[in-house]
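Supplied in structure tokens, the structure appears directly below.
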Amino acid sequence: MIKVGIVGGTGYTGVELLRLLAQHPNVELRAVTSRSESGMPVSQMYPNLRGRVDLPFTEPSLDNLGECDVVFFATPNGVAMKQVPELLDKGIKVIDLAADYRLKSPAQWQQWYGMAHASEHLLAEAVYGLPEVNREAIKTARLVANPGCYPTAVQLGFLPLLKAGLIDTQTLVADAKSGVSGAGRKAEVHTLLCEAGDSFKAYGVAGHRHLPEIKQGLAHISGQDVGLTFVPHLLPMIRGIHATLYARLTSDVADLQALYEQSYANEAFVDVLPAGSHPETRTVRGANMCRMAVHRPQGGDTVVILSVIDNLVKGAAGQAVQNMNIMCGLPETTGLNHIALLP
Amino acid sequence: MIKVGIVGGTGYTGVELLRLLAQHPNVELRAVTSRSESGMPVSQMYPNLRGRVDLPFTEPSLDNLGECDVVFFATPNGVAMKQVPELLDKGIKVIDLAADYRLKSPAQWQQWYGMAHASEHLLAEAVYGLPEVNREAIKTARLVANPGCYPTAVQLGFLPLLKAGLIDTQTLVADAKSGVSGAGRKAEVHTLLCEAGDSFKAYGVAGHRHLPEIKQGLAHISGQDVGLTFVPHLLPMIRGIHATLYARLTSDVADLQALYEQSYANEAFVDVLPAGSHPETRTVRGANMCRMAVHRPQGGDTVVILSVIDNLVKGAAGQAVQNMNIMCGLPETTGLNHIALLP
Amino acid sequence: MIKVGIVGGTGYTGVELLRLLAQHPNVELRAVTSRSESGMPVSQMYPNLRGRVDLPFTEPSLDNLGECDVVFFATPNGVAMKQVPELLDKGIKVIDLAADYRLKSPAQWQQWYGMAHASEHLLAEAVYGLPEVNREAIKTARLVANPGCYPTAVQLGFLPLLKAGLIDTQTLVADAKSGVSGAGRKAEVHTLLCEAGDSFKAYGVAGHRHLPEIKQGLAHISGQDVGLTFVPHLLPMIRGIHATLYARLTSDVADLQALYEQSYANEAFVDVLPAGSHPETRTVRGANMCRMAVHRPQGGDTVVILSVIDNLVKGAAGQAVQNMNIMCGLPETTGLNHIALLP
Amino acid sequence: MIKVGIVGGTGYTGVELLRLLAQHPNVELRAVTSRSESGMPVSQMYPNLRGRVDLPFTEPSLDNLGECDVVFFATPNGVAMKQVPELLDKGIKVIDLAADYRLKSPAQWQQWYGMAHASEHLLAEAVYGLPEVNREAIKTARLVANPGCYPTAVQLGFLPLLKAGLIDTQTLVADAKSGVSGAGRKAEVHTLLCEAGDSFKAYGVAGHRHLPEIKQGLAHISGQDVGLTFVPHLLPMIRGIHATLYARLTSDVADLQALYEQSYANEAFVDVLPAGSHPETRTVRGANMCRMAVHRPQGGDTVVILSVIDNLVKGAAGQAVQNMNIMCGLPETTGLNHIALLP
């Protein structure tokens, strides 16, 4: 059994990790920490876990985490970068679901997250945890930076075209839509039901924190810098991301559908739908899955890719468990075979 | 492995059965029938099942169902009563998720469902599949009438008080609220998103089909006829039933909380929350669970019970699988350990 | 033109007052105050008011409010009771949308709102602003306590039966459901879209602040104390209250439908639906209207009344404008003829 | 008073027309027709209109419509083209909210709508009713083709850039999202709450009927053919369209914000938000208004325009009333000053 700890278990990625790990056949939950709720039973805050998670929240100390094999950070940005070094020193593997180790450049981190990096010596070592791109490196990683939700949907969508070198990399467009759970469980006015419900808007058009992460990832995949316009939007629902991606073909291509199907033929968690499909976010609700479809409207030279994930699963907790499985030598799908809840 | 067939797999109880059975360790899905969609792959209609259910819909014939050990009917009311007899004759166990075998009186069936009963000789034999009441009879049943969604939430809520004989049985009130999936997947105006969304209403106040079923069940539990006012309402959401139950105490009772906790101490799928709780439907979303709380406002003689289920799980498909487990001698929780999806 | 000020214009009752008053033909908006947002244009916070309300938020001082004829308080409970006396002294009429002047007993105020009353000498004078009950007193009032949202729906629903003396007043049940906007625009976890959305729960079963207000109102209508069980619930939507009311008949009554129709025949803002109807909250969305239906299920002695309002309109801002019209001698419907937005 | 008839009043554009016209100071409603519901009071189907619209639905005959000054068609596509000629012959002005007269080419009509045009001699005469483009022609029109909802939001968004000749007209992208009411009130599975709720998807990527309409409109505005990729999506809510538009600058431009503000300075129903804004659909809910913002992310050469309307108002019924006002010589804003319902 893998002994697992979660730092910052009160947020939505935390409770989703708990849902997945409590049903994982090879995991023993040892500690769930929360500075603010220390002492409260986890299942009091999240009654869906009654009878399944019997731990209380505890202080995020080495006393509580020191005997874990793997520790997940489900904390706000800027927390993990301070606590990770001592865990690694103890030989504990770390998977950070926040952004702390995603950007390779400490200057970019400071620019987009507004604080100096507290452990920038680890940035080079940290492996970006997108298994479909970095599986080999993840196998041996001590520290995995779990990708953001938008970056997962966008990178998986563009990947086959970029690898094949078929598109203009300077004029990419990602029009992405997210459920409100992506904003977390903080008490804020703009995510109240009466503000975010029954309405729709874009946000962060001038620049969203996931932009540098996506550009870094796409550049890594394609081997060159990319130009990307990224517009996130807020959907009046809880879970789900839909990325609508636009790229211009520079070479002719016989069969986009085949290209996509072949690219992901061996991936358990990427599902290329039949030609002409329109994936719905509900088909991945609660499941560690990215479903996508590729279109070429009216046979023109613009390709449209539709890519959906559950932002809390393949976009966060599920992908983190997928990374844990890889790091621990388990079959990648262990504990991740949930079927999406539909309707 | 239990060889299982589903008759009428295109509706919401059908797809929910498929979700549960496809993950059940002792089940082999043999046939999913649909007269209208015969030939279409099941996963084309329900892409959440891609890679998990590889069957096509087939005709509901003995050819397709004859080798099953258990057949579930997820058909509209009035279908099972015609087809069940020949399946029973073949030695196949049947669990009917429709209403065909729930009412013991053929006259009541005709009154509330508007048609003569096609196999009323089976009404006496059919076991009402509420395990918390009829577990022993279910073990040996050939034919189980799976309870309705409202009846499940209401009966489990009143049960401890009725068994203890503490309340006036003539003035019961059940104010119940259901998500729209309870109405099924038929194309009808009143369940369109633009009709049922962002609004709330009561319906069927003059008399709802679940009224005689609930009264029959409560009478069975209490050993006497009951008087019940039942008002169902439609919630602007997909899954979930919340029953708010009102009863008047006739005897004083030392500790209602203890009464409820003891009544359900050995039940895996009924969870009595701590005193003062208010169960949320989301804490059972996707899970085979009834959570409830009991209140006595201002210490008066009115008891208020709050009882929540997922209408598609403990209110339909999950309870049906629970019944199958009991009928087949499996541990009752087999394949039913899903944790509710929250948020 | 009536010169109008609003104290506390940043909340949902504030913006709804602004929507109604900006379209009112006899009103000139003079000041909208907010301590926290002083200086910000109102239409920056609420872009639906762009081009219609050109005022900035200002400090809630006599300088800003002193020249008003009428001042509305849309502040949290406990604010108006401190500021109202000096406005009344200036000869300004006040309509308080908070609870400060609703309860006649200062002891009850302290018990339910947790603070001593700052101007209890005004409690006797303050008129409870339910026009269908207190129209004559409102005409000459200096200070009107605008009713709460639940109390409006519940009192209007029970009124005809209580006035006619047909029901047992000791066993009333009000099972009420409210949209989330009733909780205001405060940043709190439990009203986040991811907490209150796609779910349903009861709350405050042990005792809700509207309970003493409703009981006081029902006692006033019936001329005797009443026994009431009041269970509020939170709907996963923004606007709308649906009260489902239960009462036991003590006398036989020839025609409940006629009783209700006659009771409200002269009321512009109460609409008794035809026999057998089920009012939907969406039929009053944005409109100053209470629609209701009366049922007697299975001809028994339990009466069920279904009563719907928009909690922000007939349950708050609309009723406040209705009171202003009455206090200022305008036709009661002036500026209140909006048709509900459906769908 | 303008005597007005509505053909096909049972759908969502019909009831929205009724809401607006019942409150219009210069309109007298004479007939609301529906073949299927003939005889039923309009307010029985739409209780929000109780006390405001006293007409029953009637047959769509000249007997019923012959004395109208203006007739609106809120019928399915293909109905108006058969009935309009005889109304025009009677001297009645017609505003068609369906697509029958939007496309100038009868071949395109046949291609996209799958039927031959029944009155193609009127296509040249029909004026495309987008007042911000065709106001002068509308003034004297007998027959106005009211624009589609997507086309309104998209054309108004691109208009300033196209008129100024600043962008590459061959690589336009319109990523548009619509509430479900755009699909009408037909009983269909895909618009059930349980299908369209709590989920998000694209549809019609291969080609949507609004594509040729938008391309025709943009070509008219820019004076040349345009290349457009148009991807519509379905939002889990009732009302509102959000178009996110992408264009590549070909010339440098000093001040996009000023360009947009000046373009619409004299338009009552187009509101350019301050620089940096993100319009929300709720700020136009129920209002005849298009709000928009223009962005140039990271100072690059991609312009992003965000444009929101209520699909039933500025995208249908409201714009139709705006056209009626223009055709009848009334001030354009008459009866259209509703403030959006927020929250």
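Going in written order, the chains are labelled A, B, C and D, and every chain counts its residues from 1.
Note that in this section contacts are C-beta pairs under 8 Å (C-beta built on N, C-alpha and C of every residue); 3 or more make two chains touch, one makes a residue touch a chain.
What you see is a predicted model; the values in this text were computed from it and never measured.
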| item | value |
| --- | --- |
| Chains touching both chain A and chain B | C, D |
| Which of A-D and C-D has more C-beta contact pairs | A-D |
| For chain A paired with chain C, centre-to-centre distance based on mean C-alpha positions, whole Å | 45 |
| Cα-centroid distance, chain C relative to chain D, in whole angstrom | 36 |
| Length of the line joining the C-alpha centres of chain A and chain D, rounded to whole Å | 39 |
| Junction residues of chain D, two or more chains touched | 12, 181, 194-195, 197-198, 236-238, 279-280, 282, 285, 343 |
| Partner chain B, residues of chain D touching it in the complex | 12, 180-181, 185, 187-189, 191-198, 236-238 |
| Parts of chain A lying in touch with chain D, wherever the complex brings them together | 171, 173, 175, 177, 194-195, 197-203, 205-207, 227, 229-231, 233, 235-238, 240, 242, 244, 246, 248, 276, 278-282, 285, 295, 297-298, 300, 302, 304, 306, 308, 343 |
| Sites on chain C touched by chain D in the complex | 12, 15, 19, 22-23, 46-52, 181, 198, 238-239, 271, 273, 277, 279-280, 282-287, 291, 337-343 |
